[in-house]
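Right, one structure below, let's go through it.
Should a chain be cited, it is by its letter among A, B, C, D, E, F, G, H, I and J, assigned in written order, with residues numbered from 1 in that chain.
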Amino acid sequence: MTLPQIISKQAAGAAIDEVRRKSGLSWDAVSELIGRPPVWTAAAVLGMHALPPAEAERLGDALGLDAALVDALTRQPNRAAEADLSTDPTIYRFHELVQVYGPALKALIHDRFGDGIMSAINCSISLDRVAHPDGDRVVITIDGKFLPYAWVESGV
Amino acid sequence: MTLPQIISKQAAGAAIDEVRRKSGLSWDAVSELIGRPPVWTAAAVLGMHALPPAEAERLGDALGLDAALVDALTRQPNRAAEADLSTDPTIYRFHELVQVYGPALKALIHDRFGDGIMSAINCSISLDRVAHPDGDRVVITIDGKFLPYAWVESGV
Amino acid sequence: MTLPQIISKQAAGAAIDEVRRKSGLSWDAVSELIGRPPVWTAAAVLGMHALPPAEAERLGDALGLDAALVDALTRQPNRAAEADLSTDPTIYRFHELVQVYGPALKALIHDRFGDGIMSAINCSISLDRVAHPDGDRVVITIDGKFLPYAWVESGV
Amino acid sequence: MTLPQIISKQAAGAAIDEVRRKSGLSWDAVSELIGRPPVWTAAAVLGMHALPPAEAERLGDALGLDAALVDALTRQPNRAAEADLSTDPTIYRFHELVQVYGPALKALIHDRFGDGIMSAINCSISLDRVAHPDGDRVVITIDGKFLPYAWVESGV
Amino acid sequence: MTLPQIISKQAAGAAIDEVRRKSGLSWDAVSELIGRPPVWTAAAVLGMHALPPAEAERLGDALGLDAALVDALTRQPNRAAEADLSTDPTIYRFHELVQVYGPALKALIHDRFGDGIMSAINCSISLDRVAHPDGDRVVITIDGKFLPYAWVESGV
Amino acid sequence: MTLPQIISKQAAGAAIDEVRRKSGLSWDAVSELIGRPPVWTAAAVLGMHALPPAEAERLGDALGLDAALVDALTRQPNRAAEADLSTDPTIYRFHELVQVYGPALKALIHDRFGDGIMSAINCSISLDRVAHPDGDRVVITIDGKFLPYAWVESGV
Amino acid sequence: MTLPQIISKQAAGAAIDEVRRKSGLSWDAVSELIGRPPVWTAAAVLGMHALPPAEAERLGDALGLDAALVDALTRQPNRAAEADLSTDPTIYRFHELVQVYGPALKALIHDRFGDGIMSAINCSISLDRVAHPDGDRVVITIDGKFLPYAWVESGV
Amino acid sequence: MTLPQIISKQAAGAAIDEVRRKSGLSWDAVSELIGRPPVWTAAAVLGMHALPPAEAERLGDALGLDAALVDALTRQPNRAAEADLSTDPTIYRFHELVQVYGPALKALIHDRFGDGIMSAINCSISLDRVAHPDGDRVVITIDGKFLPYAWVESGV
Amino acid sequence: MTLPQIISKQAAGAAIDEVRRKSGLSWDAVSELIGRPPVWTAAAVLGMHALPPAEAERLGDALGLDAALVDALTRQPNRAAEADLSTDPTIYRFHELVQVYGPALKALIHDRFGDGIMSAINCSISLDRVAHPDGDRVVITIDGKFLPYAWVESGV
Amino acid sequence: MTLPQIISKQAAGAAIDEVRRKSGLSWDAVSELIGRPPVWTAAAVLGMHALPPAEAERLGDALGLDAALVDALTRQPNRAAEADLSTDPTIYRFHELVQVYGPALKALIHDRFGDGIMSAINCSISLDRVAHPDGDRVVITIDGKFLPYAWVESGV
């Protein structure tokens, strides 16, 4: 059989990350290279967004990536959860924050905006390092459109 | 049996929330009343933090709460997950963001800070409404201390 | 203790449904009574949406409901999943359709609209009975706004 | 060992999808090519239905598919759930709709048809793009035969 | 609050079963009393089907049931799974048979009928005791309509 | 390493099924070929029973199977559940029937036989196609020995 | 409502166990009192078997039990798993033994008896205290009938 | 890469079991060959204990095993659960016995020994075939040291 | 019904903890009061160990506890897991440490002691506060007997 | 494709452990070799921490490791849980201790330190063998920084 070579976006992401690490390129440098914000860039390379072909090729050139890896970067992702990743301590802390503060955030959204949600689709995220006398801080800003529950009919 | 009256912090939170709603007091007003940030305030009232007695009583006076409810506000919480809450659409979106962007956030933390986590304990969260021509936005800022993996021995 | 009377929205919904059944009022009649589409009406009464006070009272009058039930209808819902309900045969068939056709729907959405989702918040659903020689059919129309993945920053 | 070459229907579907993408053929074009509705077509190619040999070969010719892939298209599927797919954001929204509106749909079916279900087997689904001033909409129509609970004995 | 008295169908079933046992009435006698097949009868009384009011009253009279129990018998059931019941040894054996022989039954259905399912809605079940020299046997006959996968559109 | 060639019974079953399908042999024909009932035959070939060597070879000759596949047919099976298979729609309907009617079957067994179970080990299953004016029916007969709870001691 | 008083077998078991403890009666004494082996006796009282009325009354007299508790002892049990009990350290060790040695026991059963199981229905269990210089030992003997896989048809 | 050849203990166990079966050696014969009790022997070969090198080689010689398999027999095992194995009918019956009789065994241990457990580490298991007029029986003896809860401090 | 009053050990523990908090008695004071180590004391009061009657009464006197609570302290515990507690952030960190360091601890135990476990039954735990210039530290010492895997037969 | 060679940290850890075992090097010797505490060393080699390149090479030289293995030692780990490992008896005992004593440890931490957690990130663990007349003991010391819940804002 001569099936087309398909490497999963996630496996491709792990391979590219390894090349990136050895090349000494930081994620911020990759972000600049393709002209995208850092969180989006890392998410895309690790398999959660599709890069436009031009950006994928620019990254491929910079890192000397195989064509199959460049191609994987451009594919539409399946963004399904990988259950075990949620227990990595760095990632788990985010889920714990939602566990502890999720109902409070929901209460404030309903109080200030009305019944609805913060979109996870029309949304941007940034991560900053902020100096602090008691130890530097990770400041994550999640910026999503408010979507009110709306019973709209398209009038088909 | 004359067991001491114990109402769970969560049941107390639901009851107080209902009194609050009928009294017309917004969460922001409650926040001002006790002099605490809004997300912390809502989390505490809903059962995830303990209020100092003075603040609990100030809130109890304002809302005309029963002593058992005021007392519940001051108890040390068990902050365990209530599994089903995580599927409420407003709360689920936050977990989905961690699913989609968690590995990217982890990559950036390791790149900019080194191996470690953002603390979920030494951490504050704010939620703002920001006007935007395409629809107002929910802006959540998570601000946690970076904790590097450190193999410290106390020298007992 | 004289805690405020709180009946959960779901328990209230079950109680109202039972009164409704005995009163002989169909869901369509309830829908007309409060001037809302049938699927929204049933969802709201069963606990998944909040009725405005005026509509809740109109329904309370028609069915002779207790004030606590009318009040429950107006509360902000927690829309979390009740796991076991998903195995009721009538409801399970919908989940099975998503299992079998979900990847195909995702493929078509991405093909015709681009990378994104159909909103479950800005969305209406109708259910019709359509006569057919081989047996009448249930026709469900789900009509949701397309939301493209968009990395918008509010410029705080 | 010279075991017969067996590629799973799902792996075959992923491979064909990739060839399709690179060939520039939309799912609608594939649908026309084999003369089947779009949702059925995408579901079948991705592994949830069996294509008749003639249709499988027509598709194979158009895309230049290997014989093993053409053969996989004709096999009887196992339609079991792949658990993680249900958390992809595009697919998850459908499950969330069933979570929020499932009991309402069940109530209306029982009210308008009697005790029974909408068949997930005798069922068709279409997906349309409908223009709307506030943003185009995804309109999904699920059209399934009503099956009343019936205690039929075949009189063996 | 004077909420309408609602006893769940399942709790009602357990209570009626206990009255039945003490009255000395076998399930076969109950089946004859209401003129329904035994498996359907036991399923309905235990909460999985609704009895028509006349049958519910006939049963109520025979067992001296409270009006609330008679009423519960007539309500539309939620037929969701109770997870733990599936581990009762008598019930578990049925699930184990599906585990061991399910793929074989699926293969034979597809071979003899084509692609489709045996309906669990248009279906009857009987249970017989058959004498056998090595020990009497439980013979269960499941008799369900074959439903072929059919992509029918109602032509709305 | 020259480890002995071991193909799992299940992988072997899938491979043999594919050869069978292409050879045009129905499961009934395989059943006749080895002189075993159809459900047992399909279950055994798909990996849930061991075939005696003579029967395995007769089948291997008829289908032109590799020795490794013939050998796999004769191995003692591990009959453990494959979780996802239980969600295939054709198989799921059987589990749903146990969910809906399991407690009723248990009640009737206890009523007619006493406290005990229907054996899933001393048990046969047949599947028939029965013509019916409203559509042919799948009739499955499960025929298992009744086993009363018995506290027997072997007197070691 | 005047529903018949129903206390679950398990709640009844916990209540009787508490009376037993305070009365100073050991489980062995209860076993002798009703003339049944100790493991069966404890299992029955705790809710896993039904006591014949005469034995239930003898126990009720000895412990001064309420009629509702005596009655509960005579009801047919639902023997479903209580998930959390399996993590009690004393009970967990038994599950761990099955985890570690289950495949070995299966291998030996198949080797010495042929393909089949040890019955969990036609089975007795005893527990003995055996003195040993390194610490007394718990010796549990499980004595179950071998049941060979047998495809028996009752010839209905 | 020339990584050291590592075959998992479990895969090694399955391969050795297959060689053993074809060689006609029973588990009892293997047990005698290495001078270990049968249950321990089967558990060790299937991957749950480490064989001392001398015993592993004696077995390797008798069965003509590859060096990699002999080596795997001597490695320290990970004894973690394989979830699906617990649903094999022969193994499941043991878990079911713990489900039904676990609380009774716990009650008797506490009654006869005090608060504690039967060790699953200092423990031996034997399996015997005992003739019985109603069918031979599997008699399993579990013989574990009683461990009382003891709050011992080593006085570091 | 006049069932004996039974309050679960856990509910009793929560009630006693609340009395303790209001009385101003620290856990260390309770520990001294009954003459037991602090971790054991807190575990016992919260429901995981049984207090001897004399200690339970001393505690009951000091706190003015109801007889039912004193009695609950003396009952044999069921030590089963409460699943949700494991997600409380303070408790979760301990599980995370086992996740991250468990395999390393297992490797060192096997290296230094041989194949076996650290007993969770013959085990003591202490918790100390140790001053440290960068912030005080929690030092937990777990001190358990090593138990080698030993195939001991009691020679019944 | 010439993808960069990537071996997972865990697979690398298993391979190195096997080389280590055959080389006769104890974990303590490895610990000395790289100048790190034993628990940290074993955790790092088994995949839970990254070794600095110099240490990785020193270990690679001592054991004659392939470059790919040495490289794997230096990669940033994903520390996610491997679910099944938690049921290995040696590791499970640690989880059981948290189950039984976790709430007590939480109570003491809150009593002696205030509301907060013991850090699992700023934390060291040691394991010692301590002689004891009744059998040597495993003494594990967990030494983590106390982190009080603190609502710190970085003042961005």
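The rule is short, and it goes like this: a contact is a pair of C-beta atoms (placed from the backbone, for glycine too) under 8 Å apart; a residue touches a chain by one contact, two chains touch by 3 or more.
These numbers come from a predicted model, not from an experiment.
Colleague: Moving only to chains each one touches, count the minimum steps from chain A until you reach chain J.
Modeller: The least step count works out to 1.
Colleague: I'd like the angle of the rotation relating chain C and chain D after CA superposition, in degrees, nearest 5.
Modeller: So the copies are related by a turn of 180 degrees.
Colleague: Which of these, C-D, H-J or H-I, makes the same contacts as A-J in over half of the contact pairs?
Modeller: Same contacts by residue number as A-J, out of C-D, H-J or H-I: H-J.
Colleague: Averaged over CA atoms, how far is the centre of chain A from the centre of chain C? Could you give it in whole Å?
Modeller: Chain centroid spacing, chain A to chain C, equals 31 Å.
Colleague: Roughly how many whole angstrom separate the Cα centroids of chain C and chain H?
Modeller: The separation of the two C-alpha centroids amounts to 53 Å.
Colleague: Could you work out how far the Cα centre of chain F sits from that of chain J, in whole Å?
Modeller: 46
Colleague: So which stretches of chain F touch two or more other chains?
Modeller: 40, 76, 79, 81, 85-91, 96, 99-100, 110, 116-117, 119-121, 123, 130, 132, 134, 137, 139, 141, 143, 145, 147, 152, 154, 156 - these are the residues of chain F that touch more than one other chain.
Colleague: Which of the chains touch, listed as pairs?
Modeller: Every pair of chains in contact is listed here: A-B, A-C, A-D, A-I, A-J, B-C, B-D, B-I, B-J, C-D, C-E, C-F, D-E, D-F, E-F, E-G, E-H, F-G, F-H, G-H, G-I, G-J, H-I, H-J, I-J.
Colleague: How about chain G: which of its residues touch chain F in the complex?
Modeller: Residue list for chain G touching chain F: 37, 40, 49-50, 76, 110, 115-117, 119, 121-124, 126, 141, 143, 145, 147-154, 156.
Colleague: Across the complex, what residues on chain I touch chain B?
Modeller: Within the complex, chain I touches chain B at residues 5, 7, 14-15, 18-19, 21, 66, 68-69, 84-91, 128, 130, 132, 134, 137, 139.
Colleague: Residues of chain G touching chain E in their complex?
Modeller: Within the complex, chain G contacts chain E at residues 1-4, 6, 75-76, 78-83, 120-121, 152, 154-156.
Colleague: Could you list, by residue number, the parts of chain E that touch chain F in their complex?
Modeller: Residues of chain E touching chain F: 17, 26-28, 38-43, 46, 48, 79, 81, 85-86, 88-91, 93-113, 116-120, 123, 125, 127, 129-130, 132, 134-147.
Colleague: Would you tell me which residues of chain A are touching chain I in their complex?
Modeller: Chain A residues touching chain I: 87, 89, 92, 96, 99-100.
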